[in-house]
Structures are given as C-alpha cells and as structure tokens.
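Two complexes are shown next, each including chain A; its partner changes from chain B in the first to chain C in the second.
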Partner chain A sequence: MTSDTFSMLNQFRNANLVKAGISEIHRITTRHWAIMEICGGQTHAILRYGLDELLPENIELVHGPGCPVCVTPLELIDKALAIAAQPNVIFTTFGDMMRVPGSSRDLFSLKAEGAQVRIVYSPLDAIKIAVENPDKQVVFFAIGFETTAPVNAMSVLQAKNLGLKNFSILVSQVCVPPAMHAILGAPQNRVQGFLAAGHVCSVMGYWEYPPIAEKYNIPIVVTGFEPLDLVEGILFTIRQLETGKHVVENAYSRVVSENGNLPAQEMIRLVFEPCDRSWRGIGEIPMSGLGLRKEFNNYNAESRFEIGNIQTKESDICIAGQILQGIKKPPECPAFGTICNQDHPLGATMVSSEGACAAYLRYGRARKGISENQYAS
Partner chain B sequence: MPVNLSSFEGPVCPVPIYHRDQIVMGHGSGGRMTADLIRDIFQPAFSNPSLDEGNDFASVSVPTFNTSNGRLIVSVDSHIVKPVFFPGGDIGRLAICGTVNDVAVSGAKPLYITAGFILEEGLPISTLQSIVQSMKSAADEAGVNVVAGDTKVVEKGGADQIFITTTGFGWLDSTIQIGGQYARPGDSILVSGTLGDHGIAVLSARGELGFETSVCSDTAPLNHLVDTILQASPHTHVLRDPTRGGVATTLNEIANQSHVGITLVEESIPLNPATRSACDMLGFDPLYVANEGKLIVIVPQEEAQIVLNSMKQTKYGKDSAIIGQITSNHPGQVLMQTPIGGTRLLDVLAGEMLPRIC
Partner chain C sequence: MCLAVPGKIIEIYDSGGMRMCKIDFGGVIREACLQALPDAKVGEFTIIHAGFALNTLSEEEAQETLEALRELGEIENELDAGAVL
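For the complex of A and B:
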C-alpha cells in the first residue's frame, strides 16, 4: 500500500466529515429503526471507532451473519480436523480458522500435537506448498463469502493447469443474497434496512439486490468499512426509511460498481456451482452456497479423504445462531464474557476477528463494570 | 596382475576436516573446538578484562559511589526470532537491546551482560560472526560489557539456527523509584516514537505478508534515552518497553498494577504510515504489535511537556508524543478515544494475533 492510498484512507477517517454525517443522521431520525450491517468487518469497524455510541439512541445496529469463520458448519470444521490429523497431509488455512473450536478441539491443538497445519494468506500459497511437497497431500480450507470465492476458484484452476495430483480444497463457500432472504423471511425478523457488505459487492456488484429490496420493502445500501463509509451508509438508509423509500443505493462507489468484477464472477462460475449449504447456528439455507462443479471433483478434499463418521457436538449454551441472525445481541448470552471468552470460545462468533461476540468483548461493549457514563469521562 | 608398489605410500590416517565454515556438534563439546570458537569469534568481539580472564565466572565491580544506597537490577530474556536477520536489526542486536532495555526501564544504569548461545548444527560460522559483531556494536552503543558467555550446540532441527539468552545487570540509585505500580491519576502517558514497527518488519522479512513493506524494526538500546528522561523528570513514575503484546498489553498491565484507569487519544498515537497500512490489510491493531526500541513513559502532568521536549532531542525519541493520561475512573481498564469521538476498550491480547480472511 502506498502513502497515497494511506492519505486517501485518512480522508475516510476524517473526524469532521464523520461528525457532520452523524449530526445529519441525528437531524433526520424521528423514530426507532433497526439496521443490519451484513459484514462482520463492518461490525468491528463500528465498535472499533465507537460509532454506535454516537448515533441517535433510536437507531439500532443489528449485527449480521457476514463472518465466514462464524458460519462455517461445525461438521465441516470437524472434517477439517480429521483431514489435518492424517499423516502425510499438509493442511493449509486462513489464520482466523486456527482457533475455531470443533466438537472437541481446534487446529492449533492439532498443530501442537504434530499435525502439519500451516497458515497461508492465499490459497495460491497452498499451491506453492503443493508444488514444493509432491509427496504430501496439500489441502486448503476454502471458506468464505463471494470475496474469497474467486481466488479459491483460481487455486483449483492453477492446480489443474500444473497437473497437481496432491492438491485439494475443503469447500465451505457461502453467498450473501440467500442469507438476506432467509433473514427477511424469518417470522421473528426485525431488520428494516441493510448495509450491504462492500467487499462482497466489489466482486459481485449489486445487481442481485433490487429484487430483494422490492420484495421485502427494504432499503439496501452498499457500504464500506471506514468510519465515513459507515456513516454514509447509515445516513442513506435512514433517509430512505424516513421517506418511505426502499431502493438499492451505493455508498461505496469508489470500490463497487453495479456489475462488479466480471472476470472474478466468471472464475467463480467456471469452478463452482450453487448448492444448498448449512450455516453454523442458522441451519441449512437452500442454494446459499457454492460447491465444486463435477468436473473438478478431483480437487474436492471431501471425496479424496476417507473421513469416518463425524459426530458433531455444539455447545448447549452458545447462542451464536441467534446472534448471526440479528435476533439477539452478544451480552444477552449467559456465557458471554464469563465461561465464553477469547481464550476459551464456545462458538465461532467469539473467535473470529469478524465475529460479533469477539468485537463486543474486545471493545468493551456491555462489559460488567463499565457504564456509558464512565466511557464519557 | 602385479601391484605396482612404487606408487604405494603405505596406510595413512585421513587428515581431519577442520570445520571452519559451519557449526558442528564438536563446537559444543567443551573441548578444543569450543575453545577455538571462543578464541576466534566471541573473545575478539567482546574482549574486556572480566571476560579475558577466561574463568568459569566473571568477576565484576559495581559502582563504588553510593553502594550502600543502591540496588542491583537483574533481568533475563531469551531471544528467538525468525528470520535471524530482518530490516533494521538481527537476533544479536535484539539480544543486547532487549535486555539492556529491561534493565534500563527500572531507572538503573545497565552495566554487564551475559550471553548463552544455543546453536543449531550446520549454522554457517559467518552467520554467527555477523550476529556476534552486531551484539558487539549494540553493546558498545549501550555502553555495556558482555562479561560471561556459554555455547551449546544441538543437532540439526533441534533449534532454529540460533537462540540467545542474555542476562543484564545494572545498578540503581536508591533515589529513583520507578515501576508499573507507581502510575497516579492525572499523570501523562508518553511514547518515544512510532508503534508496531518491529512486529511488521519481522513478519515482512518472513515473506509471509503477500505484499512488500518498507518498515524497519526499531530495535535499539534505550538506556541513554532513559537518562535523558530522568534528567528532565526526576519524578518519573513508570518506564516500560512495550515488546510482545504491544502498547495495549503493557498499558493494561500498568493499569492493573497501579489500580488506575488509562485513557488514550487515538489521534495522538504516532504511527509509521507503512506500518498502519500493513496492519489495516492484515486486520491487526498496531497497538498490539511488538516494539523493540520504544518506551512508555508516565510522568506527572506538569513535567510532561519538558520530558517530551527533551525526548524529541534524542536519536531514539524524535517522534515522541503524549498519547493519554492516567485517570481514577475505570480502574484496571484502558480506554481509547477514537478520532470520531467514540470510545473503545483496549483489552489484553488473547493468544496469537491472526490475520483475517478478507
């Protein structure tokens, strides 16, 4: 990143512009509104900058399911652990997944026991590892939303081009629009406006959203991750809500276009096809995920490895599912900050850097002993 | 066929290969090879009367002035870093500076260092020589002597190239009372420069970032900076070097030790733009990233400006800044005022910092 990029980013953290936006939100808000930010990255930015404290009291930010680590089903994590424990396997993963608890342990503890588990920043690094270790089976844990799908697809295409026989991916790709349908269609839904996830839209565009806005009468505003982006996204959403509109708007136009990144979408289509997916804590959402196309089944870790019968066991106490759907907030969980914390997470929402519980605990929201007044002092 | 005896010279012993290029197990035997290593590598670099006596112990003197009212300060630190050479430093410089700084933050004058080396079989001797030279120049800069040392060699794979454990000894004048338990409400908090540079430089040198940065480690001996601070503010309450866990973790420790709250102002925290960008991309908070040449300084508010001015005059303090204050509110907790007017808690780091997915 260059210093030019840095100074540009600084503009989107400009305190005066942010404060002006917040005053405008105060001016136009007349009643209670519940807005969901879809992406966990947005949840963290909101709490990191303390934006939630500056908004009118009657604007409620509801935290969405956009945390790829959080929604990866337990069964798949257990499968990952089973594969990583096999001899002759190098299991590669994004760092976030290392601490996510499976039914009985996590990848960190497997690594400590001697399994070859390596953190990579991109699946293309896993390809490199596969080239360098022809006698090992290299598996990449391909999780994420539409943001990671193109590069995960590219890794499969590269493996094919290189004729790699020792590379495969364990897929848990999920897609945002079906989750929005699921949230809005649920009887207990209280979300009245969406801040759409800017990174996902940078890949997919926002052409998928007008039918959703139309069907559910809900404003959807494509929103970025810097404080000014978030304030703008919230302002656009409130403006629509207060004037009875429900259209799709783009408050992140420096990154997102309506059609998105077409070559990236093509890459996804080439390798993946829509399929039903389970979301941890939420359950199965029809056609909400991506699976490898049949012609790439050779690269599917689930078919390559013999994995015995997986018996999953979720925590009885953790309410991650309700948190991911915006039904409950982290402090409403009896385990929050007590038996469930960042050292001993019960659910993935406490682990991931994008998880709502981790954000609440890390940034001190609803922490025992801190009142709003103390914050102000 | 008859053997041509004219070319037969009789049975001979093979000439032993003299291992000059890389460390072998024999270098840790305690025998002649160990002695050669000491003679060729360590002694020329660290030569001083105590070391040169060649005993199993070092006999050193403490300052004769004021001995009845002073205290001996001791600190130990083991150094492992991958890679051993990184932009802005290496494991040798780190091993000296880390321990000098741990002694210096007591307010003591660091005097002596001992160094224990665990070497991996196969380590090029030229690498060891560079590291030892680097230790020597850091020790000279700090004004300390390396008075005792030890070398062990482990089999290939038993260590990662080289591990160094250093112990530092310093002498503390009894008039100085500095420690994490002495922060008082109203005190000002200063840092001596940009934060998080060491951690990002090392990550970058590992080639694991997937992008390049120009960030250099800040590894430096800070004892002269400490002298400057103590001259400017004899009432300095706390000095700490925020290494692993970063400034956030160290400030949490101080808040707990002193039973006070800490409030920081995010806009005032000095950051190198390249470090901040790298942290943004990785999802790291630079306040949790390691430093190896920075001080946290806590002084009475009325002395803060004069301390700041004198720190800014020094080599390792030119980017110093006042970043917050001690408060009687929210004891045990560190709160950050964000640029947009919000607040957030800065908790201690839980485990290892992990790069995010997207």
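For the complex of A and C:
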C-alpha cells in the first residue's frame, strides 16, 4: 500500500466518475425497476449524496430492513431498560440505541434519572469497563447484523479468556439472507433487484446468495457505501434487469471476497447458533437470528437477570414495519416530520443513523413523490 | 452502524491475548482488534467496524473498479462528441 491510498480511495467520491455512471444508467434504462438497498447505511448515503434524485425517474430505490437498531424487537428494548434500571448494573450500548423508544421510555431518559448507562464504540470497550468495575455487573446490548456478530462473539470469548464473572450480553443478532427470503416471498413484494450490504458480505462473503438469485429470478449485486460504489451497484443491477439476467455480482471487490472472512465466521460459529428471531415491526422470521450457544449461557444477560413479564406497547401511529419491508416510504406516515421527528421519535427508524425516516427528514426528502394533501393528512 | 470506514494499520501488538492494532483514519488514530485478520500487516488498509477489523482492502481491486468507471466516462465523452458532430 502506498501513502497515496487515501487519495485513491477519495476517488470513490469523484463527481465526474459518479456522473459517468449515472449517464450510463440513464442510457440503458428503458422501463420501471424497483431496486432495494438492504442496508440502512446505504439508504443514508444515497439520500445524503442525492443519488436518488440523479437517477432516471423510473428507477425506484426501495429501502430495506438493514438497520439493526430499527429491527431490534420492542420486547428486548424493554428488557434492556429493565436490566439497566437495576442498581448494580452498568449498561453499555452503541450510541444509536439511546433514543430508541421502548414501551414507555428510552435508555437516554433512564440515564438522566441516574441509571448507569454508558455509550461504547465497541463491545471490547465494555470488557474494559467490566475489568475496571469488578463489583458491578456490566451488560452490553449486542445488536446488529453479521457485521457486528464477530466483535460481539469476540467480546464473549475475551470475557471467558479473562475469567470475567461480571460481563454478559443481551443479544439481538439478526442475519440478512433469511430477511431477503422473507421480503421476496411476501405476496406484496415489489423488489426486482437487490443491492447486497457490502460490509455484511465482507464478513460472510456472498456464497449464500446464488440460490436466492436463482429461486426468485432476481439480480443481487454486492455494493459498497461511497457514491461511486452505489452508482456502480445500481448500474450492474439495471444492466442485469434490462438484459433479463439474475445472477450474483460483486461491485465491492476491493473489500469483499466470495468466501468472506473465514476467521470471523469461525468466531461467530463458536459463540452463536442460528435461532428464530422477531424483527421489530416485521414479526418473527424463522432462523433469522443468532443466539448464544449453551456453553456460553453464563454470558447471556437474559439468563443472568430475572426479568418479569414484559408487556410491550407499540405506538399506534408508527408504520416503521411497512417502511422496513419497503412497502411504504417515510413521508406516507402521518406522523412523519410532524409529531414524529428526531427530537421526539415515535419509532426506531426516526432515531437511528441508519433509519429511513431519519434519513428522509435529515436530507429534506419530506415531500418527494407525495402530494401536498397526503403530506398534510 | 454498518458504515465502517477504511483506515491504515500503523502498529500491531498483543493486548490481553488479543491481536490488536493502531489504525490511522487519515490523521485520527484509534485502536482496533485484529483477531480476525491474522495475516494483516502494518501499512495495509482495513475496514473497521465497532473497533474490529473486518477485512483488508485490495488496492488493485480498487484501481480496477476506478479504471472501469473512467472508461465509462470516456465512452460518455465520445458519445457526447458524436452527438455534437
């Protein structure tokens, strides 16, 4: 690697190259296509750089469920709140979880009331906190897709290594391929092509995708996060759609290989096993999650803390579930930007830096495609 | 959360039995766990996610992608030129 690598990587934001890719998309597009970007990070990048507004009118980007904060079930958030409220606990979490509404409150307000809730950048930071506070129980809220699974697994392995008795994780680990099956198998599905989430694939590779492409006749293109990556992913997908192909392609080859990162996959397998998971707003998807293996039950916060019966209560207005499945767009929600905003979020999709509602509000897409009347109603 | 960013490995060491490294994100230095990249070396670029290195970055693949897109740009220009003539 040369010291010029940083500037070479900056080329992935080069406006002229983005323009060339966009013109090529315009040139080859002959009809309407609906393409889903699975990852919420990509949704944000698309809106931030205004790529949606540069594409031909008949290319529709449908936003997918790849926002870990958004799909963490309400019941687990209520459990997190119940654990964090206990006197001897230091509850650690990624910052995005702080404002996600539980049934009656969020972690942020709990912290304001004096609970020990700390934001960490990595579960490995939570391990350090556990080492420094042997008289406290340290819990990490282990949410995420296959991208966070290796580091969450690593934290458990490290806790075991260090003989820590005061560390546990509250697991809400979900997997992308079962969600793709669920979306494509739904009767109301509109998705005709997928941009597969690049960083999930950097861990898992893309060997799991050809059977999906085959079964549903759908192109799947592994896509990165820079503007040029996204344009390339969209271009490859449309090229396939326009020529009647449905294969798996890799438009993020500088990071992703077909087999992914094998040592990381091994860590995941060592600590976790597949299980059914419910996705907030979507419902249960069979074998779509990872749970701690029995051997690691000591590190399972759900077994360590006795949590009484949890009665969950979702907002009556929030349509985040339909947004996460690509059935509706944020401005179609009556609360969007009015009673639901970043200061007073009603649903997790308004909180997260990967949530579609937050992206639409932040990048001013409030009225796109929605008539004045509908917006006001 | 998935918007992991690339940085350059500038130092590799052991900490509490874990393979760790220092990463330079264009001037900002942070620590990350390198346990899943046993072959990664100082000077290589890696994608970091929640303090954990997921993969090394291939400079050749990056160049190839850029080349392909540059060619697309040139074809565009030729088409434009053709349209003017």
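Assume the second predicted complex is superposed on the first by the 360 of 377 C-alpha atoms of A that agree within 3 Å, B and C clash if a C-alpha of one lies under 4 Å from a C-alpha of the other, contacts with A are read in each partner's own complex, and residues count from 1 in each chain.
Basically, a residue touches a chain if its C-beta (ideal position, glycine included) is under 8 Å from a C-beta of that chain, and two chains touch if they have at least 3 such contacts.
Computed from a prediction, not measured in an experiment: that's the story for all the values here.
**Q** Looking at A:Thr243, would you say it contacts chain B, chain C, both, or neither? Reply first, second, both or neither.
**A** A:Thr243 sits against neither chain B nor chain C.
**Q** A:Asn161 contacts which: chain B (first), chain C (second), both, neither?
**A** Touch status of A:Asn161: second partner only.
**Q** Where does A:Pro227 make contact in the superposed view: on chain B (first), on chain C (second), on both, or on neither?
**A** first
**Q** Considering only the touch criterion stated at the top, classify A:Gly50 as touching first (chain B), second (chain C), both, or neither.
**A** first
**Q** On the A-aligned overlay, A:Pro150 touches which partner chain: chain B = first, chain C = second, or both, or neither?
**A** After superposing on A, A:Pro150 lies in contact with chain C but is clear of chain B.
**Q** Can A:Gly41 be said to touch chain B (first), chain C (second), both, or neither?
**A** After superposition on chain A, A:Gly41 lies in contact with both partners, chain B and chain C.
**Q** Touch check for A:Ser353: first (chain B), second (chain C), both, or neither?
**A** In the superposition, A:Ser353 contacts both chain B and chain C.
**Q** Of the two partner chains, chain B (first) and chain C (second), which one does A:Pro263 touch, if any: first, second, both, or neither?
**A** second
**Q** Based on the superposed arrangement, let me know which partner A:Ser253 touches: chain B (first), chain C (second), both, or neither?
**A** The second partner, chain C, only.
**Q** Share the list of chain A residues that count as touching for chain B in one structure and for chain C in the other.
**A** Dual-contact residues (chain A): 1, 5-6, 9, 19, 41, 68-69, 94, 96, 121-122, 125, 144-145, 147-148, 199, 352-354.
**Q** Sort out for me which residues of chain B touch chain A in the complex.
**A** Counting only chain B, the residues touching chain A are 208-211, 263, 267, 273-274, 276-278, 280-281, 283, 327, 329-330, 333, 335, 338-345, 347, 350-351, 354-358.
**Q** Any idea which chain C residues touch chain A in the complex?
**A** Residue list for chain C touching chain A: 1-4, 6, 8, 16-18, 26, 33, 35-38, 43-45, 47, 49-52, 54-55, 57-59, 61-66, 69-70, 72-73, 75-76.
**Q** Using the touch definition from the top, list the residues of chain A that touch chain B in their complex.
**A** 1, 3, 5-6, 9, 13, 15, 18-19, 22, 41, 47-54, 68-69, 94-96, 98-99, 119, 121-122, 125, 143-145, 147-148, 199, 227, 341-343, 352-354, 361-364, 367, 369-370, 374-377
**Q** Could you please specify the touching residues of chain A with respect to chain C in the complex?
**A** Where chain A meets chain C, its residues are 1-2, 5-6, 8-9, 11-12, 16-17, 19-21, 23-24, 39-41, 44-45, 66, 68-69, 94, 96, 121-125, 144-145, 147-148, 150-151, 154, 158, 161-162, 197, 199-200, 202-203, 225, 228, 232, 251, 253-257, 261, 263-264, 267, 352-354.
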